[in-house]
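The first chain written gets the first letter, and so on, giving A, B and C; residue counts start at 1 in each chain.
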Amino acid sequence: MTNQKDVGKVKLANQEVDDLKGHLDIEDRGSVLVVRVDGGPHSLFGLDIANQLDELVDRADNDPTVHAVVFTGAHPERFVSHADVRWLQEGGAEVPPVGPRGAAAIIRTAKSVDRIRALDPVVRKTPLWGAVQLDRMHETFLRMNRSGVVFVAALNGSALGLGAEFAWACDLRVMADGDFFIGQPEVLLGIMPGGGGTQRLTRLIGTHKSLVAILEGKPFTPEQALANGAVDEVVPPKNVIARAIELAGHFGARPKGSVAAIKRSVYFGGSMSLEEGLQVERTEFLGTAKSQDGQGLMIDYLASTDDTGELPFYDPDTYVRAIELGSVHGRRSRVNK
Amino acid sequence: MTNQKDVGKVKLANQEVDDLKGHLDIEDRGSVLVVRVDGGPHSLFGLDIANQLDELVDRADNDPTVHAVVFTGAHPERFVSHADVRWLQEGGAEVPPVGPRGAAAIIRTAKSVDRIRALDPVVRKTPLWGAVQLDRMHETFLRMNRSGVVFVAALNGSALGLGAEFAWACDLRVMADGDFFIGQPEVLLGIMPGGGGTQRLTRLIGTHKSLVAILEGKPFTPEQALANGAVDEVVPPKNVIARAIELAGHFGARPKGSVAAIKRSVYFGGSMSLEEGLQVERTEFLGTAKSQDGQGLMIDYLASTDDTGELPFYDPDTYVRAIELGSVHGRRSRVNK
Amino acid sequence: MTNQKDVGKVKLANQEVDDLKGHLDIEDRGSVLVVRVDGGPHSLFGLDIANQLDELVDRADNDPTVHAVVFTGAHPERFVSHADVRWLQEGGAEVPPVGPRGAAAIIRTAKSVDRIRALDPVVRKTPLWGAVQLDRMHETFLRMNRSGVVFVAALNGSALGLGAEFAWACDLRVMADGDFFIGQPEVLLGIMPGGGGTQRLTRLIGTHKSLVAILEGKPFTPEQALANGAVDEVVPPKNVIARAIELAGHFGARPKGSVAAIKRSVYFGGSMSLEEGLQVERTEFLGTAKSQDGQGLMIDYLASTDDTGELPFYDPDTYVRAIELGSVHGRRSRVNK
């Protein structure tokens, strides 16, 4: 399929990658940021993308005007091809030859070391550097799960390995119909998913479907991904970004504090024992119940109930409008506005 | 939809609510109790219902003749509308302004305080009172999950918020077909589910479907609830209670000790790590294996195997009858009885 | 259905069981072992089978040339009927009369005692012997979950109780079409699943379907089992073993270290809290990334990318072949081989 000319062209591109490096193009659309992931000609997710993603999540999380982020691929047919394999290979080669217990110790040490980022120049020269980077990327994805920002993956094309794991770390996924695929082929490289795939795909589509897919290394077609819940919608390629922005606007219209509290309760509490999970829920609930948004909307709800004689959620028009707007406003507040 | 006359009527009803208060009507049908939840004209779940539910669960759990409880709504078109929002709003307003760490501390303190119920008159005057009530309601629902009693929600109509959470805390759900809905709209009030919704719906229909439903605040129709497993059956409204009683009788016919052990293993063990869950199962299993029911039925099973030359579960008639009766009785014991 | 003659015949068979005892017939087919479970005329899973299974798993796990094991039943219409009920009944009768807290203590003691197998002759005479045996069987099934060997249940017929639990402990399940069934009828005996059923079925088909099935005690038909994910494939009876061997070969072709790491991450990490699960994944990932298989295949992948100008996983032929072979080999290594 590739001829000499192609090889030559891409070889040139490969050399350029070192200079180009990956980067994120951020387009500000008010409450929604549209982010194009440019991983170079091969559309790879490497250290540069990881670092810029960490900054972006931090910014979106802390800026109260940002409610949602849409990620899409800069490559015409790929969301993210997969991780930069050189990054994984060199990271793996650096790990000292230890058993599983030793590996767990390295992970723990990496976690501690990462808290003191001033040490970076030192750590960069040690065999722990790969483990530290891995730990940071996990932390970035976890911050996405903890955040009041709604993250939507606009899968304009294929996504394997870390590309798929990046999509699983989002809250919603829209995928382009066509000859594309999404999945975890790592087993075929003698490794395994390392960006959260064994955990997030398992919680997304269930233990057994996740196990079989990851053990086999065969990706899902868009139809299969939709059928098993690995993506939320499959639409024609030209509509992927527009639909993702629409979903981002819809879900992002909810109070940011509620979104954060719900995401933390479901992603974290929902993966704990039932009793521990309920403890997380109670804590998050009290946080929202005393919030300005919560108090204001509840008082409005009570007043509207008194005024109209009916609970607003049992007035069909009011409930439908609330779902559209992202919060329920009683008859009175509507008149006042 | 509401005109002046209606508003007047309901306003009157609203005033009466303070006197009426919510209550549970309990109908004793032998091994099955049928409980009508009367939350006043708006069908709200407030503190009175919560307290009476706690007593009811206690009674059903401790009375060996009670094997199942069916809950249904006294309102013609609603199971439970949702929580009494005044209760949530005032509870939230009382929470001291603290961060998540502080909220977790309040929850922990509430848990300790709740162990010494003699303190109630004191606690009632503190900002912790709301958190204590929340903690008690969680404990009531957890006791339902731990119990050998089979709880069936007969959803004669709609259920939102705490109404839905009450249904998720049951073991089985039958819902009326029609223009009804069930779900968690809390996000639209700037709050989030606080009665276990983020935990039990997540474990019932899976992490992602639960996340999307709770983030959006849009309820399920009966058909959608059935399709995603949020309810077990959808039947014509006039059949809801009869069908729920039928299921209550069927599942309640099983040995109460086995039902309790299975519920604890699945609800609690099933939400822990695999190794911890297996530890729960082993413990519960030994409890049933040495029980009078277990020993008697196993000895009977062995004798019947010897008498007939076939394992009773591999005699189709015997197995079908066992499923109907709730326990397997070999040929010999059938003749003797 | 059974007449005097049958009864006589089987009674004789029953007496023979004590002499025959259960055993495993192991057929060596290179990287795949085909194991026929012979539980005597009633096809029961008792202590002998448990002990031989433990040895087999140990052998398969430690022999680098063994990549998969297929289990099937020696009985013409049954995989494993269920546990030897005498074993359960006597084990239960031995448990001292204690509450749940006491049972938990017995389980813990059994776990400690089991570490010192030299004590067996002593323990055999104590009431703990049943608990120790239970603990060992759980440990055998857990070792199957931790192992780099792919275990496939070739369900040539029905499987109840421990027979079903043995199948849930495998990685894949192929079931014969026909008048067969698989499930957990223990509740009808006044006991509950004790071989992992409440935990593994719950994680396989979801909390609620598992709860209902185990509470009711009614088994799944092959079609139902397929529909809810309790088995992977249903094929004509004569094809069951061949198809299971095919799957064993396909999945067993993956690098054994990757298979083990993936199974541990999904089965164990996937049942923990999200953050704990990610910790397990990171540890397992580093183990594979520095492995010989991983380093060799990644270096080959990078070289092939340079040579062809395309990522091998984005060359359709290469990816399809990798799924067939179990590992991805770039153009260069293919030429060299």
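Operating definition for what follows: a residue touches a chain if its C-beta (ideal position, glycine included) is under 8 Å from a C-beta of that chain, and two chains touch if they have at least 3 such contacts.
Fair warning: this is a prediction, and the values are worked out from it, not measured in the lab.
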Original post:
Which of line, ring, star, complete or other matches the graph of chains that touch?
Top reply: complete
**OP:** Could you label the subunit A-subunit C interface same or different, taking same to mean over half of its residue numbers are used by both chains?
**Re:** different
**OP:** Overlay subunit B and subunit C by their C-alpha atoms and let me know the rotation angle in degrees, rounded to the nearest 5.
**Re:** 120
Subject >> Distance from the mean Cα position of subunit C to that of subunit A, given in whole angstrom >> reply: 34
Subject >> Contacts with two or more other chains, residues of subunit C listed in rising order >> reply: 203, 206, 267, 271-272
Original post:
For the complex, which residues does subunit C have touching subunit A?
Top reply: 150, 171-172, 203-204, 206, 229, 232, 250-251, 254-255, 257-259, 261-263, 265-267, 269-275, 277-279, 281-291, 293-299, 301-302, 305-311, 313-315, 317, 319, 322-323, 326-328
Subject >> Residue ranges of subunit A in contact with subunit C within the complex >> reply: 1-2, 6-11, 14, 42, 78, 81-82, 85-86, 88-89, 91-95, 97, 100, 103-104, 106-107, 130-131, 134-135, 138, 142, 145, 158, 160, 185-194, 196-200, 202-203, 206-212, 214-218, 267-268, 271-272, 276
